[in-house]
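Structure first, commentary second.
Chain lettering (A, B, C and D) follows the sequence in which the chains are written, and residue indices restart at 1 in each chain.
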Amino acid sequence: VPVNAQGAEGFRTLGELEETAGRRCSPAVWGYIQGGAGEERTVQRNRDAFGRWALRPRVLAGLSEIDLSTRMLRDAVSVPFYLAPTAYQGMVHPDGERGTARAASAARVLSMVSTLTSDSLEQIAAASPGGPRWFQLYLQPEFSVTQRLIERAERAGYTALVVTADAPLLAVRDRQRRSGFALDDAIPLGNGPDVRPPARELASKGGGKFAVREEATVGWEILDQLRRVTKLPLVVKGILSAEDARLAVSHGAQAVIVSNHGGRQLDGAAAPLDVLPEVVAAVGTSAEVYLDGGIRRANDVLTALALGARAVGLGRPVLWALAVDGSTGVARLLDLLTIELASVMLFTGRGSISQVDRSLVQPVTP
Amino acid sequence: VPVNAQGAEGFRTLGELEETAGRRCSPAVWGYIQGGAGEERTVQRNRDAFGRWALRPRVLAGLSEIDLSTRMLRDAVSVPFYLAPTAYQGMVHPDGERGTARAASAARVLSMVSTLTSDSLEQIAAASPGGPRWFQLYLQPEFSVTQRLIERAERAGYTALVVTADAPLLAVRDRQRRSGFALDDAIPLGNGPDVRPPARELASKGGGKFAVREEATVGWEILDQLRRVTKLPLVVKGILSAEDARLAVSHGAQAVIVSNHGGRQLDGAAAPLDVLPEVVAAVGTSAEVYLDGGIRRANDVLTALALGARAVGLGRPVLWALAVDGSTGVARLLDLLTIELASVMLFTGRGSISQVDRSLVQPVTP
Amino acid sequence: VPVNAQGAEGFRTLGELEETAGRRCSPAVWGYIQGGAGEERTVQRNRDAFGRWALRPRVLAGLSEIDLSTRMLRDAVSVPFYLAPTAYQGMVHPDGERGTARAASAARVLSMVSTLTSDSLEQIAAASPGGPRWFQLYLQPEFSVTQRLIERAERAGYTALVVTADAPLLAVRDRQRRSGFALDDAIPLGNGPDVRPPARELASKGGGKFAVREEATVGWEILDQLRRVTKLPLVVKGILSAEDARLAVSHGAQAVIVSNHGGRQLDGAAAPLDVLPEVVAAVGTSAEVYLDGGIRRANDVLTALALGARAVGLGRPVLWALAVDGSTGVARLLDLLTIELASVMLFTGRGSISQVDRSLVQPVTP
Amino acid sequence: VPVNAQGAEGFRTLGELEETAGRRCSPAVWGYIQGGAGEERTVQRNRDAFGRWALRPRVLAGLSEIDLSTRMLRDAVSVPFYLAPTAYQGMVHPDGERGTARAASAARVLSMVSTLTSDSLEQIAAASPGGPRWFQLYLQPEFSVTQRLIERAERAGYTALVVTADAPLLAVRDRQRRSGFALDDAIPLGNGPDVRPPARELASKGGGKFAVREEATVGWEILDQLRRVTKLPLVVKGILSAEDARLAVSHGAQAVIVSNHGGRQLDGAAAPLDVLPEVVAAVGTSAEVYLDGGIRRANDVLTALALGARAVGLGRPVLWALAVDGSTGVARLLDLLTIELASVMLFTGRGSISQVDRSLVQPVTP
């Protein structure tokens, strides 16, 4: 249920955005957005990780232009951040995913569009004709349903397939459990009735044994299977170890996303930023590495890039902006971050994204 | 005095459980449950230790089943956690230890039953016919009393003897002292009038000298003596150093429990989790290693297992569940943790307990 | 707008000074003084860095005199701290920069006078005839304007030129943005209408590209250019890396100031104290090294000196003192810190500044 | 002015003691007791240092007796803690230093009696005939006054001379400055009108130069001079570095006290516990090493002993106890700590102080 039908409210800073969004959403929806798995230790940890790195300013670098543009696989983008896939955006504003994609597309910011949208993937594509747009895939209990989703995404002009690997199941989230918020009752799925979210629980077989739902039993060979049905490049989302990064690459992934699903799946999981260096070292130049989780400001973007990410995803802040002012809000958020990133580049003496390297950061002594 | 005679109150999360239990218990009883030795530095430290480890998720592991079952010595159990021994459960709910054991037995979770129970050890056994059940032993001032307790435990079907080694004396606990709560006035002992709790204080002999009460003067040879009177495997509880772990094994212990008595004995003691690796390295395959202290969630369970524990004990949370809803509450707690553990196993790509190894965790950079 | 026209209020400690100043300034002005870039992570980090070092007292050192005097380039000063340049002091008290400079000069404390003053640089010089006084330079869009400023500073007896290198742009500061406070509307510039503050934003050219305003596109060769138009020694302010320190020296700087502009430019930047050792190592004896950022007490002064700074700058505390009691307040602040520094020298067994070395400090174990 | 003339109030824990004392003292006196130099960073740091060490319990050690007695130089004492010298005890209770010494003597706990007492050193000795009792010496402007104090202390049966080396000056203490509390106005000095406290400030000579008062200009040769006028063993209090510890020993000190004057002199100074290991290593067996600063509980005592201290001093807690219940309060405090220490020894498997070694503690991972 949209909680903000009238739209039109400004915000001047990220802090103000978050506060305003908190007032605009119902407590249950806000709990869903902000919350995470279990006690939210990992939600907190994702943010804390950035506090352990400091930027090293550089001065008098003789820059006459700052160029934030870069590439993500085959797509030229204007900035090294993108919209991470988030579900059910219609819940926070009637503009929904169409509004979000429209704002992103106008700024040439890449959108990763969720399988679990309020709008259909075709409607979202139509609302953001230029793209760039990737399709996030939740594997479906029947592979034929999965295949049909991929074919629709290809036809609608999505240019890569983001396979979410860290949600074979939806985790227990204490905050949601206490508020009684149930995701799939909240709003119907835009991609049709045969598309299903991940299972909510494992089926107990007694004696400490549990059955995993069919689509979640797949191994890395699923990537090979997907490559047989699509030409789209494959991106694996939810990697948090060098081992899995290597496996993804060896099964044909062209990019991996270091992510713990915003702290929403495995409470206690490592922060993406803490794992990023080992993943970057593991894949070398054989795949691109992205990161999401805890990105709030331009200095976070630059920290992750300095540690080897090619681009970073924004999750919750996009929902805040959508909740506060619909598509206009998202556009404003992207604008704020872009301007801030340009200035942070100037302060660190980097004129282009390719100049961002490890020497830009140093660990903070504990 | 039971504070919750009517029973029947639900809880959806561990946090809610703790809050509800806090409201259901009298302040003095709650202080007894939650409190610890001295200023409770170690109570806090036990929890903090888990925050220094992060889990490493693994994806697309191709698991079709999660099997949590394992063995603790000769007993097959459905999960790698057990009920740590806690005293006087009748104080928080009339279901008492019978209720706790019944819930555990139904779920095939191992109970370590305290010497200092409200019910008798035979009543507890009768309430949980299938077990698994171990008997926790406080050495008694007269060895004949100790021996009689062991014989009763054997007859009642307890399958191991857990010798508590860290309570030659009950520590000063500031919170209890301030509330005026006195343990043994609270409720009569179920195992008969000749069974005594550890001494409350040392006897001063002046000039800085203190006499230790007889039963607490024993050394490691007590294990040899116990082995002469029972065939039950011996487990030593309260180990917090490699040195003592080696001594326990060399005196015939088949398992050791890394524990500081939930922070209730030596304030300032190291956290069990911090000591676990050295103990595991010290005993190798010559004994099983368990751990209690600070376990609240499934990710805590897995962290301890990854660092070498075979199983971990739950203390305070069981009392919370018992206080809130008696035996039903304990059953619900075990169910919550079991389901959560199964999902955490899935998120870390482990299909069975034997697959949990050191690579599952990494230290969090401070 | 001056908020404290009546003057005359005492303070006994630095804490009291800050509290009183907070009450005397309008919220917007106070937010401008206290705030920093972005979320003020670096403002906090600047202070935290000092907490990671402890002083090592020395006793019975046989000192009959404590001598705090030292030299900063060609100027003899009575203490190893100085007034860092801060803009628009007329905003907090009608005494303005003249009052500040007068108090400093009377105590033979060096003032770095900002380009962006409420009074003109000549008025300030006239108010503090003896100096010592350096002129802080913001490069102007037209070099002829820059050159005229330098000539005026030379004529007015300023003895060094402090080139601010870390402000090619004024950073986004959340607190200011939310309060709506706009610096240059607040008070007219004393140095004339052709003098301009740094640009407020980069000009977007679309597609993630931004143009840098002319005067901010300069590289290190600007130092060579400045040396051609002045004999004054050059000091580069805003160095935060060994690399830039070496570049500054190689382009003729006689001193560098390790600074992140009080956390007001690049949020997320390293703390000056954390970077000081690498800068000191990089420049060796080829230039003097100063530091500002987070200095509040005499022990902070000594910590920075022990790590290699020749002198340290005071920023916000000077504004507090000016706000509370004008020139008298500044004099009192300098007196408090001087007396405290003398006692701290005595407690560490150092009779003169030249005796302050690395052995005076040790890291605090985390 | 005594704030607690009626006496007679109990306390069950250290926490309760501190709270009660805070209510019994006037705000100014309480600020004087609890406060420290500057912003009290070091007061906090002294406590924090203990949190970085954990005790390693040992079990089944076969102890039938716990013996806390030890020796401090020539004196046999019942426990390895002593009363650190604190001034003007008459300010908190009419029992004053006589009451404190009486309680200590009865328990055979060593008192270090301050130069700056409310009672005379002879009255204090008379109130505690058995001792053990050492005299803490503040060097006096005229050596003849110093010498007379020493002769009186010898005659009155004090058995060692504790030379305070870290107070050539009384430090600025913000809390006192704000409350307006002035020490020497509070109560007359018991040792006569010619005895003076350390200077309150350095005399400014202008230009950043300050004169040190005569008695504070002495170097290490003062120890040689003192040895010429007394046979009492010399103890140097206020050592915080290996360098000074070696100097003390080379000038004939038989013991050193690692101390920063309870955080009351050099704000920012290292914590005694952090420096203890280097001092112990430096002096080896050539002198005894004591420590004060931050000791609150028996586990703190044992931590310091494990790191090499022979005994540790109690400061503020003694004043709390005196404030709450006079001599009776001090006796109760000593009793509480003694009993707690005995139990902590039992829990760590140590039957006597000589068994306390480095293996008793381990660092807490940050």
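By definition in this document, a residue touches a chain if its C-beta (ideal position, glycine included) is under 8 Å from a C-beta of that chain, and two chains touch if they have at least 3 such contacts.
All figures in this text were calculated on a predicted structure; none of them were measured in a lab.
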Contact distance in steps, from chain B to chain C: 2
Intersection of contact partners for chain C and chain D: none
For chain A placed onto chain C, the superposition rotation in degrees, Cα atoms, nearest 5: 90
Self-contact between copies chain A and chain B, residue sets same or different by half: different
Centroid spacing, where centroids are CA-atom means, of chain B and chain D in whole angstrom: 41
Chain centre separation (chain A, chain D; CA means) in Å: 59
Per-residue overlap in chain D, given as positions that touch at least 2 other chains: 366
Pairwise chain contacts under the document criterion: A-B, A-C, B-D, C-D
Contact footprint of chain A on chain C as seen in their complex: 38-39, 41, 45, 49, 52, 165-166, 168-169, 171-172, 174, 177-178, 201-202, 204-205, 207-212, 216-223, 236, 238-241, 243-244, 247, 260, 265-271, 274-275, 363, 366
Partner chain D, residues of chain C touching it in the complex: 12-16, 50-51, 53-69, 77-79, 108, 297, 299-300, 302-303, 338-340, 342-344, 346-348, 359, 362, 364-366
